[in-house]
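Think of it as A, B, C and D in the order they're written, each chain with its own count starting at 1.
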Amino acid sequence: MQSRENKTKNVKIAYIGGGSRGWAWALMKDLALAKSISGEVSLYDIDYEAAQNNAYIGNLIYKQNPEMSKWEYKAEKTLEQALTGADFVVISILPGTFKEMESDVHTPEKYGIYQSVGDTVGPGGIIRALRTVPMFETIAKAIRDVCPDAWVINYTNPMTICVRTLYRVFPQIKAFGCCHEVFSTQDFLCYVIEKQTGIQGITRKDITTNVMGINHFTWLDKAYYGTADIMPLYREFVENQQLGGIEDIRSIGPRDLVFESMDMVKMDLFRRTGVIAAAGDRHLAEFTPINWYMRDPEQVTSWGYGLTPVSWRFKNLEERMETSRKLLSGEETLQISPSGEEGVNQMCAILGLGDMLTNVNLPNQGQIPNLPLGAVVETNAVFSNNTVQPVMAGALPDSIYALVAPVVAEQEMIVEAALNRDLELAFEAFMRDAHMPLPMKEARELFDTMVANTKEYLPGYKI
Amino acid sequence: MQSRENKTKNVKIAYIGGGSRGWAWALMKDLALAKSISGEVSLYDIDYEAAQNNAYIGNLIYKQNPEMSKWEYKAEKTLEQALTGADFVVISILPGTFKEMESDVHTPEKYGIYQSVGDTVGPGGIIRALRTVPMFETIAKAIRDVCPDAWVINYTNPMTICVRTLYRVFPQIKAFGCCHEVFSTQDFLCYVIEKQTGIQGITRKDITTNVMGINHFTWLDKAYYGTADIMPLYREFVENQQLGGIEDIRSIGPRDLVFESMDMVKMDLFRRTGVIAAAGDRHLAEFTPINWYMRDPEQVTSWGYGLTPVSWRFKNLEERMETSRKLLSGEETLQISPSGEEGVNQMCAILGLGDMLTNVNLPNQGQIPNLPLGAVVETNAVFSNNTVQPVMAGALPDSIYALVAPVVAEQEMIVEAALNRDLELAFEAFMRDAHMPLPMKEARELFDTMVANTKEYLPGYKI
Amino acid sequence: MQSRENKTKNVKIAYIGGGSRGWAWALMKDLALAKSISGEVSLYDIDYEAAQNNAYIGNLIYKQNPEMSKWEYKAEKTLEQALTGADFVVISILPGTFKEMESDVHTPEKYGIYQSVGDTVGPGGIIRALRTVPMFETIAKAIRDVCPDAWVINYTNPMTICVRTLYRVFPQIKAFGCCHEVFSTQDFLCYVIEKQTGIQGITRKDITTNVMGINHFTWLDKAYYGTADIMPLYREFVENQQLGGIEDIRSIGPRDLVFESMDMVKMDLFRRTGVIAAAGDRHLAEFTPINWYMRDPEQVTSWGYGLTPVSWRFKNLEERMETSRKLLSGEETLQISPSGEEGVNQMCAILGLGDMLTNVNLPNQGQIPNLPLGAVVETNAVFSNNTVQPVMAGALPDSIYALVAPVVAEQEMIVEAALNRDLELAFEAFMRDAHMPLPMKEARELFDTMVANTKEYLPGYKI
Amino acid sequence: MQSRENKTKNVKIAYIGGGSRGWAWALMKDLALAKSISGEVSLYDIDYEAAQNNAYIGNLIYKQNPEMSKWEYKAEKTLEQALTGADFVVISILPGTFKEMESDVHTPEKYGIYQSVGDTVGPGGIIRALRTVPMFETIAKAIRDVCPDAWVINYTNPMTICVRTLYRVFPQIKAFGCCHEVFSTQDFLCYVIEKQTGIQGITRKDITTNVMGINHFTWLDKAYYGTADIMPLYREFVENQQLGGIEDIRSIGPRDLVFESMDMVKMDLFRRTGVIAAAGDRHLAEFTPINWYMRDPEQVTSWGYGLTPVSWRFKNLEERMETSRKLLSGEETLQISPSGEEGVNQMCAILGLGDMLTNVNLPNQGQIPNLPLGAVVETNAVFSNNTVQPVMAGALPDSIYALVAPVVAEQEMIVEAALNRDLELAFEAFMRDAHMPLPMKEARELFDTMVANTKEYLPGYKI
């Protein structure tokens, strides 16, 4: 047993998808700011050059900020090399390219099916899952063989399916999935408190919420500030909005409707269920019956959110590649500020540097007693010395259970289908998705087209 | 302890809804044919005269058929009198009148929502439930107070909600719910065996099916004849139909599409899920997403089933009243043949006259481990000396769970709402029903209208 | 799919342990009496000659009784040959020889620990389990490879551990375990009814009991004759015995205390728990705290039961071998009468020749919700076309749960230990057994001696 | 909604048993040291004078230490007055007097049954429970009626039974039970780390343990310091002790064997189960089979712990009363230092002043999936804004389950018995306790004597 001092000075992180122009830099910043730990980061990416570039950019940080934590970045050519000796593995990959995502999101439009994100559920989410599961199979096996004791943090979507695959392939894995969607809803609650009471300066760290559900379709059935109950305030706020209509909501301020929303879906779901939906409206609307919020683009607009076109992602990627170029050439330097993600804090807690309570995605051991055991669910969990343990969230209220339970079953079917490269079972899931209004024949046509469009990333399937 | 001989000669049955012109006569016939038991039947009905008429008709049977079992029929003026001393209580009532049912079924048509039955789920089923629960509350309390040890057999719809209410109000009640929908599907399987193999003469008693799900949305995941598996035969049969199209299905013979169907929905659900749906298509189609089979009357027709108009029920009632008149006047006599129902056999088994295995509706004690405990589910059960015990059905397969679980939650919400006379919670359930495509404002308008139309039978609700 | 007629005329049974002089003959008789089925029986035994002798004896039956069902018996030299084509596999073996059993039962006596049977729990049962599990591993693998669809009926002890091993090794196996101990208690209840009410002629087939617990430590929490409750009669009976003392119990008649008992343990357990213990006293007393009924031979005698010495088994075996000799030489012929076992009836039910309800040992799928899932429990089950499905027995009452739950855990530990050939874990179980009063040092000495005594049958263990 | 500032300046605590000379002073000190909160404390005690004295002593603290938190103490004459307006209720009472406890602990000695504590399980614990449950019924009803939203912290033994009673009587109560036994074991682990590795200065706050089981029979199946596993170190340590024997253990230093122990029981239980027992040896030994550690006083001594005689408690009380006198007269002043209890920290966390993870006793919602739901179990829980939520502890390993499950059932029986004032059911539990080796007749004699001895505190029982 090493003393803690020694241990936290030699932390080894393997980053799968380490060539990213976005998440990678966010992680680098948070690591630089984490005073109590230092060590090395292996970057692995199928685009090795991108990983090399990020290693260069990462190593600049300490040179430029020697008062910060020291981390050494290194690109690795193989997954196995990257994983060797890892204490933590971070997975943040794009499954396929934006070309595949373009098919996922926009092919269904030809059949009148619109998608706001298309990476989690719905036709796009399902096809994306079919190509993601084999990748996560490979990763899980490599972790099992190379660094079975490492803690694994996944950021890739479809989150639930990625984490479930890791555990299906290597049941002893110490993996969890992180997503910041709940954080924004907690921020929104703070805004609501301020609006309704005038109390200022409350941040999401000051409140406690009971998180339950699944990733991107997560719910809060209890919320407290001190011993005061936030739910009645939220109800009041929502009722006022109902009266005031969209104008009043707009008073929250202008938003970029490509990625943000007016929170109208979230509030409508509260009216329907009495529980706070805790994800962005673009995600929430993909889980509910298609005619509620996404029948057509007009209905989408009327609910104050937007459909994110993949063209936007292409354009955004170009900007990020330009930034990368500038960082490499020295025209620009990374501004070191906290990313808002909690991954590095979680690592610190696991290393024994202070307990932490936050929401994560983990297999259900009973923390949500009325969802199937083993399915991946999102609840609060305690992070502490080598420990990530879910908190009992309790049973989903009936109104939420009715919405969430079918999606859990659908995602279980998809993982099963993808692990067995079974397109027929995948199509069964596709057919029953809440956003599949087509009769079987057209649905099959669409499914086959989407599969064909992305077949380059569907190894082992009989296509 | 009496010897069995004594006991089975003095069986006392209380029949709630005993003025019926249909079910009552069916029960009378089965009782007359039940050689091992005899006794008396108390008929209770809010229409006392109807009960008196049935008592008269019932007492004619033994007079006309002295070789059959002797049963004495008696009309009672109060529920309590009817229940006094009962060994068995049969509940088969119409909650409200066909006027209320007309509102249930046809009011939603003004909003483009069509219903094939409208007595279980959907807008009609929910409003019907709101008036049924208070009636079952009254009945459950009377049983608790007057004959707590009696066995209670319910035939009333919405079945799940009726049985759940009995147990919510009097948890020690010995109640179960019976429905013959599964029987027809078992008959259909026998037909399939004959078609596919040429083996003739198989009846539903010769096969064993694993029954799982909820009433009117019940499923068979296993089916055997001897040790032979029926599932591959069924798959073959369904695939052939798919190829041959509706003409081939028609070869099954002409059917009265008001009440019967071409089983096309049933077979489509098999294609979608790999599990045999075990209820009439008119019921099945009310549980699945509205756009699958019931978007509009044309889609209904194209799936080979019909929408039962309440006018048909009015007309049918007239015919049955005419029959009643003739039976009373002696112009006609009841033909004593088995009804196809199993209620009397179940009574015999409970009295110790031979074990029996059949499907019934009971609170979930774990017989379907992935549905909520306490919710009423339909599975096989063993009937034996004073015993009705569910058989372990096992977890619903994911494809079925995704369809059934939300309905279970919806029905739990409705029972909760109705017991508390809480229209807001009832509206929450109404909004999330699979057959509610309307936005909240129109949905509320429809809900309020339907409630107002039937308010005479909604005691205690704030309307 | 074959017609039923064809199927039931060519039933193939594989009998593992088919050289037995006892069970084998019982099965032969029941098969001869089973009018609806016929076919062949492969006898496999590690003593091939014994199997050959039994084949000869078996084939004599039809020759001597041509009016009975025709079965052809054949000895096979390998397990695989015997299993080929089997519809049913019967397992009834002696794990090791009586020499090993002698060590199991009598070695602990040197440390003051007495055992009445020594084949299920206690020091003897645990050591026996260690040599039985590897044998059942071999059998399970052979069934998996040769006849995975066959139904497997186990009669071997320790029952729970044998059945659990089959499922651990081959989870898809269709196996169950049968034991007649519950039947005797049901007979005893009929005797009680007669004594308390004077009603005569009731047999165990006329009553219904809810069976719950584990093999040899099984319980009845409900018992009915018609709708009449047997429990109050049993309570009365037990209370009278308490008053009358042992003299009155003796009035039940003289019993062979080597194998039978005065049912005093059974009745004392009713006083302690309010639930009917449903196994022979010799078994029951091995599960309860050692000081309750088995502190020393005097206490055993005072409770009206006996310790079965292995010398008795040796002697009994000699007699049975003599019978075998006479049957082979023709000096004696098998008298064909029902054995009282239900195995052949169960086969008939599985073949579709009539449903049946009886108690068997099966993995817990939730039929006893407060025992661990997967652990083998004994409850009622429905036998029907290719179906053996447990009936929901319900949660064990607290007073029974407190006694049964620790044994379930102990047996789970033993199976785990034996599958991993892990003597340390086995010793953990040995130490916590209810009949292990020794401190750790002496316990270890005893354990090591017992292991050494039987090491010939402990392959793969580090001894 | 008040701002947090306002809320934490007016905290109202009701202390039931507030006349205590021990716990009360400990709480007063911790409150004085809690900088972020202040308010008032109502002291209620059946000895009103004692409460008044403590109020006087409590109010002295702020006078003498004006730099500390200000708390106003007040004695109340009725429970209802004390509870009025309470944010927190602390329950720490002696059920009965030491005279009753003398009967609990020493009456069984006449039958050869020795007890080390006698307040949780065993004959003494059971009789104590019978008089405690009615007191907690009264308290639960008063909380329900007067301050239903208050948080309730129980310190009274038998802990499990007290907390269970609170929830049985008032299911919506926000109650939990606190006990410091686990803390000492965590301290012991720090000592083990130091011994085995030389690393110094680790405190129990630096390590993370997974707590599971029930109060006073609690277990740790995982323990980490940073990411390093403490279990192998503990195993090593225990093995060395085994070799070195009691002398080496004594090197831990001299201990007062009336209250402390040599931890030999704890280590023996690790050898038997592979899991760390986390309570004092005096408690642990009361739960395990009587012949393991408590057959007679000699065996107790040989295991390095002591039997605490009630005479010692009488003497100790006298000393504490003398201290009380001196505090009142001013001869002595309370030294303000932390008590080591966590109650005040928990209150702060609940008030929103910082999250906290610690072990508490709560009804099982599934945090230990293989123990009965509703039974009170001890696990870690998260304390946060108005939130005490158990952490998923996971299933008890088989070796622990076998020991703990029967005690859970026994305690469920006792609560049921006491709530119904049912001495027969209580005697059933008494008979099956691990420390009841007597035959039924002597056991009943002992039970009746103990009940008679304490009948003054057994209201409503038929004695």
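Methods note: contacts are C-beta pairs under 8 Å (C-beta built on N, C-alpha and C of every residue); 3 or more make two chains touch, one makes a residue touch a chain.
For clarity, every value in this text was computed on a predicted model and none was experimentally measured.
Asks: Among the remaining chains, which ones contact both chain A and chain D?
Replies: Chains in contact with chain A as well as chain D: not a single one.
Asks: So how far apart, in whole Å, are chain A and chain C when each is placed at the average of its C-alpha atoms?
Replies: 54
Asks: Please compute the C-alpha centroid of chain B, do the same for chain D, then give the distance between them in whole Å.
Replies: One centre to the other, that is 54 Å.
Asks: Can you work out the whole-Å distance between the CA centroids of chain B and chain C?
Replies: Distance between chain centres: 43 Å.
Asks: Can you pull out the residues of chain D that are in contact with at least two other chains?
Replies: In chain D, no residue touches two or more other chains.
Asks: Every pair of chains that touch: which are they?
Replies: A-B, A-D, B-C, C-D
Asks: Taking the touch rule as given, give the residues of chain C at its contact with chain B in the complex, in rising order.
Replies: 1-4, 7-8, 87, 193, 196-197, 199, 206-208, 210, 222, 224-229, 233, 350-352, 355, 357, 365-367, 369, 380, 382, 384-387, 389-394
Asks: Spell out the residues on chain A that touch chain B in their complex, using ranges where they run on.
Replies: The contact residues of chain A facing chain B are 268, 271-274, 289, 291, 370, 372, 398-399, 401-403, 405-407, 409-410, 412-413, 416, 428, 431-432, 434, 437, 440.
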